[in-house]
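Some structures to go through are shown next.
Each of the next two complexes has chain A plus one other chain: chain B in the first, chain C in the second.
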Partner chain A sequence: MNELKIALQSLKMSVRTRMQYRVDSLVATLAVFIRESANIIVIYLALLKFDNINGWNVNEMLFLFSLLFLTYAFVVSLFADLRDFSRMIREGRFDRLMVRPRGLLFQLILNNADLMASAGHGTLGILLFLISAGKVGICWDFATILYYLGAIIGGVLLQGGMFIFFSSLSFYFLETNSLREIFYWNMRKFAGYPISIYHKLIQGLLIYVVPFAFVNYFPAQYLLRKPDLINYNEIYIYIAPLVGIAVYLSSYLFWRVSVRRYYSTGN
Partner chain B sequence: MIVLKNVCKTLSGREVLKNISLHIAENELVGIIGQNGAGKTTLLNTITGILKPDSGFIRTLEKENPAAEKRVLQNLVYLSGNRSQLWEDLKIKDSIDHCIEMYRLDPSTAKKRLDELEEIFEIRSFRNSPPCHLSLGERMRCELVYGLLPQPRLLILDEVMNGLDFSFKHKIMEYFKDYGNKEHTTILYASNQLSEVEQLCRRIILIHQGSVLFDGRTAQIIALFSPCYRIEAVFSGNFPDFEDLPLEKYRLEGDLLTVDYDIHKIETVQILRHLMEKCCIRNIRILKPNLEETIQKIYGGANGKYN
Partner chain C sequence: MRAYVEFAVKKFQDKMAYRLDFFMGIVNTAITILVYLCIYKALYGDAGEVDGISYPMVATHFVITLGLSNAFHYNEMFLQDKIRDGTITNEFLKPVSFILRLLAENIGEGAFKIIFHFIPALLITLLYTKLCPPVSLLGLPVMFCSVALGYLILWLISFIIQTWSFWLFSVWGIITIKNVFVSILSGSLLPLWFMPEPLQKILSFTPFESIYFTPVRIYLGELSGRETVFALAVQAMWVALLCVIANMFWKKGTKKLIVQGG
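Presenting the complex of A and B:
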């Protein structure tokens, strides 16, 4: 119970920090919203011309995108401190957490939550969902809603797990941002589209290495059943929420091992 | 409370700790001194368990792996002058609230203690300011309150007097002097300000190039390494004859006589008696060597030995 209280307190601290600079926070939220919307508008306009991408029409594409934005809205607040973790290590800010009577990862979660980015991504995600969800032929019954929520949670855990994994690398290397840039951010850009449009190699990366396909493509496929699903084992669409849990847990184990190593090497 | 046996640690190819053995008892107040890069902070990190030794044995608060045990950390506070515990953008009182949750303090007890501490460290008026609006000294006072609030059994202070003005330094040192016994707290006090350490700590540990060069009473280190005292006397009448006394050296400038002597060879009182008999003393001053001079002397010697 006390754990939950701490988490809420961290959130409260984050809100207060952002409230210190209200205008700045508002502008930042807007900036994130506009930046991400611009991408969507480009795709929207393109689809008006081409009608569909590999069988996916405009609304289905927007639905695919909405999953990416909604999950990221949670990730960016829950795991904000892990985004630039190597700097935290270099500046010695991590050491102060090590002498506090709380779990290390637990102290990082919700700390410095990037609520502006959350608001920006979240608003866009909800907007895209509202636009598309009614028009893509999903029957929103209890089972579907349950799956959908599971997919969101799985997607959050999956990306959180990746953040934890890349942060753990900071215990071994001084600078890990370029790795993260290549493997996380670039892959995330690919994940906006149905993965069947890509070369086999990139598909493989998105499924087995940086499994963004389980954040939005496979969950969307469970709900939409587009014909390009035939290229993949159908089991993927059922296990999508579980993949998130698996990635999170294995990243957590890697984190534990890495922290233990950090104790003996120092910074 | 703290036991280290033959602790060695190499960091990025440099032997930072060489075969360190220590024993620190409950409620002791120990000063840790040493030049920059001597290994003080590494030693403190090892004691807290943030850093594991390569070889040797450590035991802090009855545990061999202190930083991995939340129950140990509950009783340990490590404050450092260059590593802030406070939230940079938030009001001091928010940081304090966070501390209360973090250490699971009982709200009413914590409030009472906070009241006392705010009084002593005079930080009440900063409650609603963020650290970035405070001066370095004001900030340090808030840090100290943050660290003392959980009533740790082991308090590690690394250069915490940074930026404090003279009167506050004095006040805080007075506070720490009997803090250990009153609150059942062991304090490790690391500082480059030797006069602080000399005033505050009865025991000091001198770290030099990763080894313990001295561990014992502060008075003892001074007597051991710089046994020379000095008498300055203003006199009138005839110049006294010192030929039969084993002095180090003496000097006469006008009517001021300066005598340096080794207390192991001759007692102060012998010289005084001699002076009183032979001439008329108008004023006299006896100077004891302080820790700073002593340490300088040791480094002079030690460096020579290592070169």
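Presenting the complex of A and C:
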């Protein structure tokens, strides 16, 4: 119970901090929203001309994108400090957490929710979902809704787990940003499209190494059953929500092992 | 002039110091090319040509555009940071023009990106895909003129927005929005050939078309001799116009500048 109270207090603090600069926060939210919309606008314009991409029409594409944005809205409010972790270490702010009477990861997860980014991604995700969900032929009964919620939670845990993994690497290497740039941010850009269009190598990366495919492609396939599913083992679409949990747990274990190596960068 | 060349060279050497950055830059660029070519290929499906544009033309368009946008990738928060911490005053004391110095440094950094990120990535790309060769050897110098003008247009738009930090608390949001507009409307993600007809009409009256699309069309030989001259003139006109606007904002801003403390 006490933990929950701290969590709420921390969230309140985040809101208050952001609200100090009201206009600036609003512009930042808008900027994130517009920046992320760019891909959507491009694929929309492209499909006006080309009709479909590997069998996926415009609404199905929007649905695929919506999963990516909805999950990330939660990720960026829960795991913002882990996103910027290497900077935190460099500036020595991590030491502060070590003297407080709560778990390190617990504090990191609660601190500093990036609410502007969250609002930007969330609004876009909800918008895309509302536009597309009724037009892609999904029968929204109890089972599909349950699967959908599971997939969202799984997607959040999966991306959060990856943030924890990359943050743990900071205990071994001084500079992890370029690694993160290539393996996280680049891969995330690719995950917006049906992965079947890519080179086999990139498909492999998206399924087995940086498993973004389980955040949106396979959950969307469970609901849509597009013909390109035949390239993959069908079991993937059923285990998609569970992959998130597995990634999160193994990242958590890796973190536990790695954090012991930490010694401050000094000042 | 010598001083500005020095600035450009200095920045270039600065960048050379980071080896890891250099390696990651190549990988990043190569992956981006690979992925977008996959997307275009999937869009084309079995169609050989769409609206008279073939897949190799689109691929070439994307690769050239990416190279140019790579060259134009620098810290757009530079002016804001200088104003915030007050070090902008030091710049006024130096016997060089701040604007030209900034431009020189950006060109230096751009040259680094082209030579060490883009060209290696391009060579990797050529291993697995065919791109269109330039239409004629004579076309190449003309294209380079067009590229230079396009670069100036892009740079001036960015500089104009940067000068707004004399008035605004933070320009990060506006810069982000500007970049989205540029990347969509200049056709760097989806070539302007495939934009809806009315949008293409509107864009021909904006500077966006002149940034990447004109150089690429010259490279592919889509423009006749007369059209080329006209396109270059349009580019030059935008450069002149944006120069005037940039100068106006810069003059007004520096007059208004108040630095607190020191």
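In this section, the second predicted complex is superposed on the first by the 262 of 267 C-alpha atoms of A that agree within 3 Å, B and C clash if a C-alpha of one lies under 4 Å from a C-alpha of the other, contacts with A are read in each partner's own complex, and residues count from 1 in each chain.
Operating definition for what follows: a residue touches a chain if its C-beta (ideal position, glycine included) is under 8 Å from a C-beta of that chain, and two chains touch if they have at least 3 such contacts.
Since this is a predicted model, take the numbers as computed values, not measurements.
Of the two partner chains, chain B is the only one that A:99 touches; chain C does not reach it.
In the superposed model, A:17 lies in contact with chain B only, and not with chain C. Using the contact criterion defined above for the overlaid structures, shared-chain residue A:197 touches chain C, although it does not reach chain B.
Touch criterion met: A:175 reaches chain C, while chain B stays clear of it. When both complexes are overlaid on chain A, the residue A:3 reaches neither chain B nor chain C. In the superposition on chain A, A:54 makes contact with chain C only, not with chain B.
Partner contacting the larger number of chain A residues, of chain B and chain C: C. Residues of chain A that touch chain B in their complex: 2, 5-6, 9, 13, 16-17, 20, 92-93, 95-96, 98-103, 263-266. Across the complex, chain B meets chain A through its residues 11, 42, 45, 48-52, 54, 67-68, 70-71, 73-74, 76-78, 83-85, 87, 89-91, 94, 97-98, 101-104, 130. Per the touch definition, chain C reaches chain A in the complex via residues 20-21, 24, 27-28, 31-32, 34-35, 38-39, 41-45, 50-51, 169-170, 172-174, 176-177, 179-180, 183-184, 189-190, 194-196. Per the touch definition, chain A reaches chain C in the complex via residues 21, 23-24, 27-28, 30-32, 34-35, 37-39, 41-42, 45-46, 48-50, 52-54, 175, 178, 181-182, 186, 189-190, 193-194, 197-199, 202.
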